[in-house]
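What follows is a group of structures, each given as structure tokens.
Across the two complexes that follow, chain A remains constant while its partner is chain B and subsequently chain C.
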Partner chain A sequence: MTNLINRAKELLENGTVKVVIGYEAGPTGLARPAFITDPAKAGKLIYDDRCVQNLAVYLTKAEVKNLGKMAIVSTLPVMRSIMMLISEHQVMGDNIVVLGISTEKELLDIADIGVMKGYIEKCDLRNPEKDRETLAMLNALTPAERFAWWQKEMEKCIKCYACRQACPMCYCIRCTVEVNQPQWIPVQANPHGSTEWHILRAMHLAGRCISCGECGRACPVGIPCHLLTMQLADQVNNYFHVHAGTSDNMTSVLSTYEPNDKESFII
Partner chain B sequence: METTRKLIRKQSLEKLYAHLSGSRKIYAPVTAANKQVDYKYNPPYAEVASDHIRSTLSVKNIVFPKVENLFLFTNNRTESTITDIELFKIPEVVLWGAHPCDTAAFDVLRSIFCWDTKDEFFSQRVEKLTVIGFACHKSDDYCFCTSTGLSPDSSKGSDILLSRLQNGDYVADIITEKGNAILDSCPGLFEAAPDEKPVITEVKVKFSHEQVTAKLANAFEHPFWIENSLRCIGCGACAYVCPTCACFDIQDETKGKNGKRYRSWDSCGFGLFTLHTSGHNPRQVQSQRWRQRIMHKFSYMPDRNESLGCVGCGRCSSGCPVDMNISEQLEALQNI
Partner chain C sequence: MARIGVFVCHCGENISATVDCGKVAETIGKLKHVALSTEYKYMCSDPGQTLIKEAIKEHNLTGVVVSACSPRMHEPTFRKACAEGGLNPFLCEMANLREHCSWVHEKNELTTEKAIDIVRTQVEKVKLNSALQPIKVPVTKTAMVIGGGIAGIQSALDIANCGHKVIMIERSPSIGGHMSQLSETFPTLDCSQCILTPRMVEVAQHPNITLYTYAEVESVEGFIGNFKVKVRKKAKSLDEKACTGCGLCTTKCPQKKIPNEFEQGMGMRPAIYVPFPQAVPNRPVIDKEHCTYYLKGKCKICEIVCPTKAIRFDQPDEILELEIGAIVVATGFDIKHADFFPEYGYGRYKDIIDGLQFERLASASGPTSGAILRPSDGKVPKNIVFIACAGSRDPAKGIAYCSKICCMYTAKHAMLYKHKVHEGKAHVFYMDIRSGGKNYDEFVRRAIEEDHVNYIRGRVSTIFERDGKLFVKGVDTLLGAMPVEIEADMVVLATAGVANSGAEDLAQKLHVSYDSHKFFAEAHPKLKPVETNTAGIFLAGACQNPKDIPDSVSQASGAAVKVAALFSQSELTREPLVAVVNRTSPPLYSTCVACGMCKPVCPYQAIELEEFKARDGRVVKKAARINEGLCQGCGTCVAVCRSKSIDLLGYSNNQVYAEVVALLNDY
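What follows is the complex of A and B.
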């Protein structure tokens, strides 16, 4: 933690960056995102088990970008998100200083994108264990049982779009659900409209989801919608042997044809 | 009418529940497997929650459903027909177990839905609603009802307010004619009230809402808004869990020749909420939307609706994925 604070302070003091995006403790004890612009306030930064949000969502946010060059406290999911955002031309790698945090909560020395790539490659890129277990349970059900399980979850959906807003990969200014000519999916939060929304969201993230689980964490009514995107992350890996967010030059698996692609899913 | 206080014993409460569910639908809180508390229609009494601090969603769904059909239509090229919704079919409902913040919210909603034109859907649902409120014997750091002019045992919005006694029995304050009608329909369940004080939680006053309102009058351009909303991700969670947020979207949905027009919840936190057809958006960035949320509840509504737009339930803060703690911000605002 001291290393992180010192590094953040140094970056702000020597003018390398204008803002450090990290975590601070809120008054109720929860960790929340912090945007440190004054080196004297770098001491507010924390990093512990409470720091779970994927901060990469702020890299594309207008008012955060307006602050100037950014340094960002980055656990593995944040690093993978950055790789995706660079690959999709949403951020420039040169404009971001990565304050990498290892699984042991130590500050990593991530000098550039190449070093970050090397670090990511050595990490376990599978979905988190708890989610793998739930997915295994769901995959063992019959399609009808699985559909019934999800319908029960979808009934709870209020279409607040916290899942979308929390996701670093959902950066579209105008989402498909906000287009009404034509109306692609029903606006109303009924089981039909909500199911279509979650399928659409999952499909748009296939091959792009880096398994941070942020969408499910953000959901105020407790729908585990991250399982949908994680399932697709698994399938993409099975079919195309690709883990999202492992380089700054990812091609989109679902819109790229390779002659040796398996086509077994096309009936 | 004058409030009368009665005693209702623990075992009689179950009988009251059974008695009421015999003649109408009951909307009551239930604890789900994931520990969240959600309101359901007609749950068995054994499942009804009575120890929770707050349900995930507010109870506004009962008078302002997340989706409400406004009318149905058919379109046959040369001729179109419109079919009104039969409002008289809206059933009698008893809301059971709502806390004072949630019941007080009905008045706030009324100040919006019946501001000038009376909203028939809302009014009809309110008319068919009887509210059995439960005073709070528990609270947490997110609660701030006492800062919005309410209290954990406020009877505002309740027809009968129940407050728990030390031994698990309840005192029942009969507040309205609707409450009185319930008392008259089953007088055997109520007894003379004891002199004992019920167990009521203490909720600390965090700010003066009058002072906040006064400060907001000149705070539109204050740097506070950007500084305190950088972390807001612009989802609608706060608005959708809020008992007083009343913004809605209106959409048509058709299938072949038949269709319906409905309204569904909307949120001023969304980027496209204020987008004009010209392409201009008066609230282009999140800080402007966050400012609107606070301004609406604590400045515009006291000014125009003569009602504060917040009841201090704390849901927007407890449900926020990025810890946008509203009472913390209001505390800060009163001192800017």
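What follows is the complex of A and C.
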């Protein structure tokens, strides 16, 4: 942790970055995002088991971006998010300093995007084990049972869109749900409309979800909506052998055509 | 307030036989915002169109729904009628009551109900139509003809004679194509070379034609009137300006045993060669795959003997970047060879040859100087068997289509043989004789009746060789499937015509569609046979399907007229049914976030990212932009856009949604 604080301080002092995005302890003891612009306050930074949020979501926010060059405390999901955001032209790689954190909570020396790519390639990119188990349970159900299971979950949804806000890949300045000419997705929170929203969100993240699970964690009513996008991440990997967020020029799996694509799905 | 006019067409009895048009018009007339709903027997006729024009003025209509046939044929008709009536043409919609309803259902109430539903969707849609203005795009008045066979030559000459510049690309060292390989042509038996070579020379000498041989298309970008084509001019290892075409190098080249492509492998050529004596341009190229210098690093005999020092071993390939207004694809065809047929020995027997090889045997300039000698021992075959439909019309071989030219050239071959070997016997195995065409059937009759060619209706199951004889086993179906066995000295297979090598690759570069046999696809099988589905790219000759010379030449002239018509205007007008990425005032500029998802899905490369800059040059925003000249309005980008920032003019999300809602709601 002292390594992290010292590095953050150094970056701010020598003017390499204008802001360090990391975690600090909140008043109730929970970790919360911190935006350190003053080197003297770098000591507030923490990194421990409480730090679970995907900080990459702030990289596309204008109020953070406008501060200038950013350093960001990055666990594997954050690094993968950064790769996706660079691929989708949302951030520029040379505008970000990655303060990588290993699974042993050690500060990594990530000099540039190439080094980060090398690090990501060595990591386990599958969905977290707990989610894999739940998905295996769901996939063992019949389609009708599975639909019933999800309908029960959807009944809880209050359409607060916290799942969207927490997701680093949901960076649109105008979301489809805000389009009302025509009104694609019903405004009300009812099982039908909520299901439509969650299906739509999952499809928009197909091939882009980096399996951080932030959407499910953010849900105030405990809908495991991250399972939807994780299932698609799994399927994209099965069919196309691609894990999202493994390079800074990912092509969009579902909208890219190559002349030598397998066409085995055409009967 | 919308005032919609609905015009229900009977299409003679095409619609009214199963749909109660009166009831449709009456029901629709009661809908909100429908100012007028009427019916007529032929809406596309002059009185029908006049009805629409007058109704627009009389009822002050804000939108028109013509409930008739598919928009494919008559949408332009009715849009024009609306424009003449004073209404923006894009405020006119068509409800397809014919293909979508009357032709596919029986006469009953449900059919009429469906017709009403179809019209209702269009009424709801047209309410949301906006008045669009046609798009103007400039035209580069230079055409490119890909392929220098007879079709390409004809097209190039016709376009050039209209006064337009033509660039002809041919991948082999000479133009001429398959026609230059033929001995005589049916049905007149005039010499192929004699009628073709003057045309080849004309191409080379025409002031409006630039010829690039030994060149291939590398990439094609852009759109009708404005293509950007990259052409790879393969190195000929020769300074073409210095070379006089004396041919000394070709006689001194130590490599002499390379199978000659022009002679279909029946003769040999050196590594530096002119494909055939009448080649245009009559300049040699070095075949790098066989040249001793390129293989072993020494030789250079050609360089030593060349009197003008024209050989350039270090010549690199050249990439030409060309601005082109229209493209004629005339890349021709190829044929299957004997090795395609297991039942005929997989090409193991030297005396089983294909049709093109026979052409070379019969040709005065061929390897035998026109004498029919069999390849194995050079003897005159006394008994010759021709097998028509070798591969063609055989779904088991994956070629279900008729190759069209084989019946005629088989008759020709048999005739040529009989003219040269008077005592010889010619047998033809055939499935059917397809000799439609001017003087064609007479020609086949002549082969049978005057030249006594023995036509046997039946197929050949197998051929095997024993003691220098080929045993051809078949049946005669006109004699009750009686087995026939012929001891032949030589067998000629009229093998199937197939797409040329590299056709699929070229189609993908050009973004034109092709069929399952890799032949290029026309835009409409009847009414647009020379157009492709990509505007500004036309087809000529056998790259579309096997064709004989007259058909290829007619189509080539047809394609040339299409190009000339395109070049007759300085600007093109095209339908404004294109996708647009929304734009708003700063600081938002657009709801597009430039994720770039739409870029790879666009089949027409119409999308790029636009940068918005502040006064100090800083990029403050990026958003996708669609080139309206390139966009074909397919809507794929609309479907993938997550933030719904793209809409298709004339088919906006709002309009399509209104159509769906109309179907869901009662009326």
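Everything that follows uses one rule, which is that the second predicted complex is superposed on the first by the 258 of 267 C-alpha atoms of A that agree within 3 Å, B and C clash if a C-alpha of one lies under 4 Å from a C-alpha of the other, contacts with A are read in each partner's own complex, and residues count from 1 in each chain.
The rule is short, and it goes like this: a residue touches a chain if its C-beta (ideal position, glycine included) is under 8 Å from a C-beta of that chain, and two chains touch if they have at least 3 such contacts.
These numbers were taken from a predicted model, which means no experiment stands behind them.
Asks: Between chain B and chain C, which one contacts more residues of chain A in the superposed model?
Replies: In the superposed model, B touches more residues of chain A.
Asks: Could you tell me if A:160 is touching chain B, chain C, both of them or neither one (first, second, both, neither)?
Replies: first
Asks: Given the touch rule stated above, what does A:255 touch, chain B (first), chain C (second), both, or neither?
Replies: In the superposition, A:255 touches chain C alone.
Asks: Does chain B (first) or chain C (second) touch A:148, or do both, or does neither?
Replies: So A:148 meets neither chain B nor chain C here.
Asks: Applying the touch criterion given at the start, work out whether A:137 contacts chain B, chain C, both or neither, answering first, second, both or neither.
Replies: Neither partner.
Asks: Please work out whether A:27 is in contact with chain B alone, chain C alone, both, or neither, and reply first, second, both or neither.
Replies: first
Asks: So, A:173: does it touch chain B (first), chain C (second), both, or neither?
Replies: A:173 sits against chain B and chain C alike.
Asks: In the superposed arrangement, which partner chain does A:204 touch: chain B (first), chain C (second), both, or neither?
Replies: After superposition on chain A, A:204 lies in contact with chain C alone.
Asks: For chain A, what residues appear in both contact lists, the one with chain B and the one with chain C?
Replies: Looking at chain A, the two contact sets intersect at 173-174.
Asks: If you look only at chain B, which of its residues touch chain A in the complex?
Replies: Chain B residues touching chain A: 32, 34, 36, 38, 56-57, 66-67, 141-142, 226, 229-231, 233-237, 239-241, 249, 251, 253, 262, 264-265, 267, 270-272, 284-287, 319-323, 325, 328.
Asks: Which residues of chain C touch chain A in their complex?
Replies: Touching chain A: residues 508, 588, 591, 593-598, 600-601, 609, 622, 640, 642-645, 653-654, 657-658 of chain C.
Asks: Taking the touch rule as given, give the residues of chain A at its contact with chain C in the complex, in rising order.
Replies: Contact set of chain A toward chain C: 88-90, 171-176, 179, 181-182, 184, 204, 251-252, 254-257, 259.
Asks: Which positions of chain A touch chain B when the two form their complex?
Replies: 26-28, 30-35, 53, 57-58, 61-64, 156, 158-162, 164-166, 173-174, 178, 180, 183, 186-190, 217-218, 220-222
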